[in-house]
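Two complexes come next, and they have one chain in common, chain A, joined by chain B in the first and chain C in the second.
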Partner chain A sequence: MITTSLPRLFSRGTLAAIIGLYTFYTLAPFVWLATMSVRTTGEISLDHYAWPKPFHWGQFRSAWIDSDFATYFWNSTIVVTSAVVVVTLIGAAAAHCLARFRFAGNRLIYGILFSSIIFPPQITLISLYQILVDYNLYDNLFGLTLVYISLQLPLTVYLLEGFFARIPQDLFDAAKIDGYGDIEIFWRIVLPVGMPAIATTLILNFIQLWNEFLFAVVLITDPSKRTLPIGIRGFMGDHFQDIGLIATGVMISVIPVIVVYMFFSEKLIRGMTAGAIK
Partner chain B sequence: MFVAPAILVYFGLTAYPAFRTIFDSFFTINGPGDTVFAGIQNYRDLWHDEIFWAAVRNTFIWSFIAPFLDVGTGLLLALALYAGVPFARFFRVAWFTPVLLSYVVVAILWMWIYNYDWGFVNIALRTLGLGSLAQSWLGNPNTALAALIVTHAWKWAGFNMVVCLAAIHSLPSEVLEASELDNCGWGAKLRYIIVPMLRPTLLNLYILAFIGKMKIFDLVWIMTQGGPLWSTETVSTYVYKRAFNWNTFDLGYPSAIAAVWFGVVCAAVLLLNRLLASRERLEF
Partner chain C sequence: MAVVSLEKISKRYTGASGHLAVDNVDLNIADGEFMVLLGPSGCGKSTTLRMIAGLESITSGVLSIDGRVMNNVAAKDRDIAMVFQSYALYPHMSVEENLGFGLRRRKIDNAEIKRRVKATAELLGLADLLQRKPHALSGGQRQRVALGRAMVREPTVFLFDEPLSNLDAALRVNTRNELIKQHHRLRSTMIYVTHDQVEAMTMGTRICVMNGGRVAQIGAPLDVYWNPADTFVARFLGSPPMNLFNTQIASAAGGHLAENAFLRAPLMRWQSGTLQGMAGKAAIFGVRAEDLHLESDAVPGQKHGSIKGRAFAVEPLGAETLLLVETEPGVECTARLSRHLKVRPGDEVELVFPTEAAFLFDSGSGRAVGSDRS
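What follows is the complex of A and B.
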């Protein structure tokens, strides 16, 4: 990019000030959290803004083992991973179908799926609670997984449909001539060719479900079945003053997200904003 | 058919529950098997429910006004990066980080930032000699909603920034260069060139932010639980309270609130879409 030819919108000083201040504003709370996660609550209450000295890595050990964060972590991992895998498969199949085959009601199905993105969650929340109670899936990680699949389905179909529609038809015609059936075409062509888009939705769904709070807090009551967001909140309710350990627990939930972000920042940004950029 | 599983999931876990909620809203439901037909009584009660109206007021304030903050900040940041700073990529990635944090994390962090004794806001005020302004930001009914709005904007500004930046980059650069030759100040450039040309994007972002705020729950629930004195109650938190938190044991009434709100959100989105962007098709 040739920056010199671009018009200047701000003076140099203003620009530096905006950028510096805003970077501080976004990152400082996060750094603060990270420092507190390796300090004991006693140290923190002496000075909330001191640099950790020494680093109490043991905080992570005690959060992980003594305070059940390991349970929350694995619950989150199981629910989120299975939901993401299933929703991607179902969503990809539906997106392939909607993007490739012309049939009556195609756009209608797309429109209906799509419009549910604007639904306020309460419209399904209360009845999903009743339905899960009816089928003995309430307070059950499997039930939560099912709900998560339904939550992310519209977005997944929407993002993948847009991409799949741009796969050239020739590819499919060639595959048909080679004697591929519909299922084989899906496995051998759509999934591999659509991999960039699928990877984006995988990561996006992972982050959104990893952070999901409302449905988890309604559908799970047993402390041993809590996912990370409600686990942290529960812990905070019981140990309101234990700032050090709360910070450690929060870090445990944030680290996977940050790791994913470090490796896939561009993909993730593209996925999150795909809906808003035309 | 490939689309069958998706339709099954959709009807079983989205469409059916949505209809069931609307259906339930005409009953008083005290538990499984104890369901009494209530007609429109729930809706009539709702009309006279002051807490509900407080919740509607707060949610509307949040949904209509706060998006200006989000989108405005996003646009400003995008312009700053567009002006050609070194390490723009780094800043873009860094500023986007809060979008990825869960509301639980953001809420806890900001509860600490707003803490009366040692929160960053009050410490900064005291250091600047403005200690008299220091207060319990989340405990004061006059500031609690504003404090939540700022927190929410902190989380989402990065999102708006990325979208604006992409849109600015796709603008024809000749126009901006021409304005440079005409000695346009940046205020004028912003007002007469950039904002009008980005209009579709900005409207889109506004509507997206609007929808997000009409649904807001997590942040409020963790930070204030709708208090103090209902000053931060939103419709979502009120539904949750009536359904699962208060011991009223009636799922019919909260269903009625949810059904009303569902209608309001859909109507508001359609209306905004019509009013603001008559020629632009809404895309999410």
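What follows is the complex of A and C.
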């Protein structure tokens, strides 16, 4: 009698308790990190979980100015923003072509793109390293941007293709009869109509790349070119870890993610729950 | 306003199947005419319309509008507008933007766009909805926006691809009347695709019945209804469809008869000479449901044909009653009778029909045997 017992099991109260528990489970580490970001390493060593007293707001200043945090932050911003913009534009255009136009090899290209999602990124690391060295792009932010684009493009195309394929053909036909060409249809119809899906991939790509560590640590050596995850790792010494400063750094690095999420969250939810476009 | 001409137009899809969707269609649509392409799903009517629109390439044949060959002209340069079954409104644009989208592309002055959009919106009762997005409109309102988007462009040819299919029955009747009104007002050439015979009969100046990618018959609605070219058209037009029976043609003292075990019909619509060669041969006999009456209601002294069978279902529709009769195992006949019908399922009945209501078709090709008398 599963059908009758399930509604009872998931009554409002139970659901609220589960959601509350889950929220606590995900939010607690963040709150803990937030409290540590305004405490000194000494205070943290004495009591890991104590409430900040006093609030050392100066830690943000010293992380930003006294260490090279500002440099790491701007490096990350430039690399990730340009990679996300390029990935979104190229990914949307490619997804539109794959979803809309019949041409020889359409499914083959799609298959190759899809297969590249399956492989773990570590597989490509050595070959990418060699390619960047060959083209003088090793230890270069532009090189890292290109790598990020290639990393995120397949998943972006895959996600957008699925959404774009559900846009009714009649919309394109109507725009054609209204006098618009393929490129204009892409700009004026596909991008606005596909915005929920585009926002979804944009947030996913931004978070993924903002936190990316593996490729950045291998492909960048110059301290002035470090991105945030590598920069934060720099606070960890062999014998001493400045936990307070690390927490402050992580808090700073989280801010853009929260801003991007808040800006696109409505569209993200629409993208994730989107059914057929009517 | 424009004359649209299709000469031996064919469409074969590329790919493994190589499906021939439209086969040698010849069709001339006069200036200001409301032509309805009618047929069942997959008969090629929508493909034909899409070829006229320029949304589908033409495999062979010549399409011309006002004498200008259009085969390789892009959709945007054909000066046509199309209303789609799904309405195809741009979901991210307001009604006003939807209406003006085509005009903006044509570099028309902003003031003129505003004027035309406003005029069209007022004409179609959309003036209060201009700032709404399509998702905030009802089905009927969306349909009117789709129509308005076509009208605002002032094209030479209007194309409609089953535009009423998504509307409920009451709204469909209203919108149908609205379209007829707009056609009278605009006097534009309109080509309308539907599988609904009521739409075809009520709206079309002429209808073109299609079957299997070919044109089965072209003509004025009532002409096609009363003079179907073959058994397909005879069955497709009319609800319930025409009753068809396998019969033998026999010679009798007063002329020829179509007959079988349960049917006997004097063939008075044809001269003896026409039927001479058919005597003793098989033919398909047809009679419409509305021409059948109970034997007890027959006009005394009038010559009529008759069908005998056993009633197996009575379907009261309110204004009238459909009587379904089994004449022999597997052979059915439907009669549209008075709402006061007393017959019950299981009753033996004899249905009669006036001799001028008879149709005759060749049993091999299904083509109609043309009558010599009315």
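What we mean here is this: the second predicted complex is superposed on the first by the 229 of 278 C-alpha atoms of A that agree within 3 Å, B and C clash if a C-alpha of one lies under 4 Å from a C-alpha of the other, contacts with A are read in each partner's own complex, and residues count from 1 in each chain.
Here, a residue touches a chain if its C-beta (ideal position, glycine included) is under 8 Å from a C-beta of that chain, and two chains touch if they have at least 3 such contacts.
Predicted, not measured: the structure shown is a model, and the values here were computed from it.
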{"item": "Between chain B and chain C, more extensive residue contact with chain A", "value": "B"}
{"item": "Partner chain(s) touched by A:58 [first = chain B, second = chain C, both, neither]", "value": "neither"}
{"item": "First (chain B), second (chain C), both or neither touched by A:176", "value": "second"}
{"item": "First (chain B), second (chain C), both or neither touched by A:111", "value": "neither"}
{"item": "Touching partner for A:218 - first (chain B), second (chain C), both, neither", "value": "first"}
{"item": "Chain B versus chain C as contact partner of A:192, first or second or both or neither", "value": "second"}
{"item": "Chain B and chain C footprints on chain A, overlapping residues", "value": "277-278"}
{"item": "List of chain B residues in touch with chain A within their complex", "value": "1-3, 5-7, 9-10, 12-18, 20-22, 24, 32, 76-77, 79-85, 91-105, 108-110, 112-113, 118, 120, 123, 154, 158-159, 162-163, 166-167, 173, 176-177, 179-180, 186, 189-190, 200-201, 204-205, 208, 211, 214-215, 217-218, 221-222, 235-236, 239-240, 243-244, 251, 254-255, 257-259, 261-262, 265-266, 269, 283-284"}
{"item": "Sites on chain A touched by chain B in the complex", "value": "1, 3-10, 15, 18-19, 22-23, 25-27, 29-30, 32-33, 48-49, 90-91, 93-94, 96-98, 109, 112-114, 116-131, 133-134, 146-147, 149-150, 153-154, 157-158, 182, 186, 207, 210-214, 217-218, 229, 232-233, 236, 243, 246, 250, 253-254, 257-258, 261, 265, 268-269, 272-273, 275-278"}
{"item": "Residues on chain A engaged by chain C in the complex (per definition of touch)", "value": "168, 170-171, 173-180, 184, 189, 192-193, 195, 277-278"}
{"item": "Complex interface listing, chain C residues touching chain A", "value": "50, 53-55, 74-76, 80-82, 84-88, 90-92, 101-102, 105-106, 135, 149, 153"}
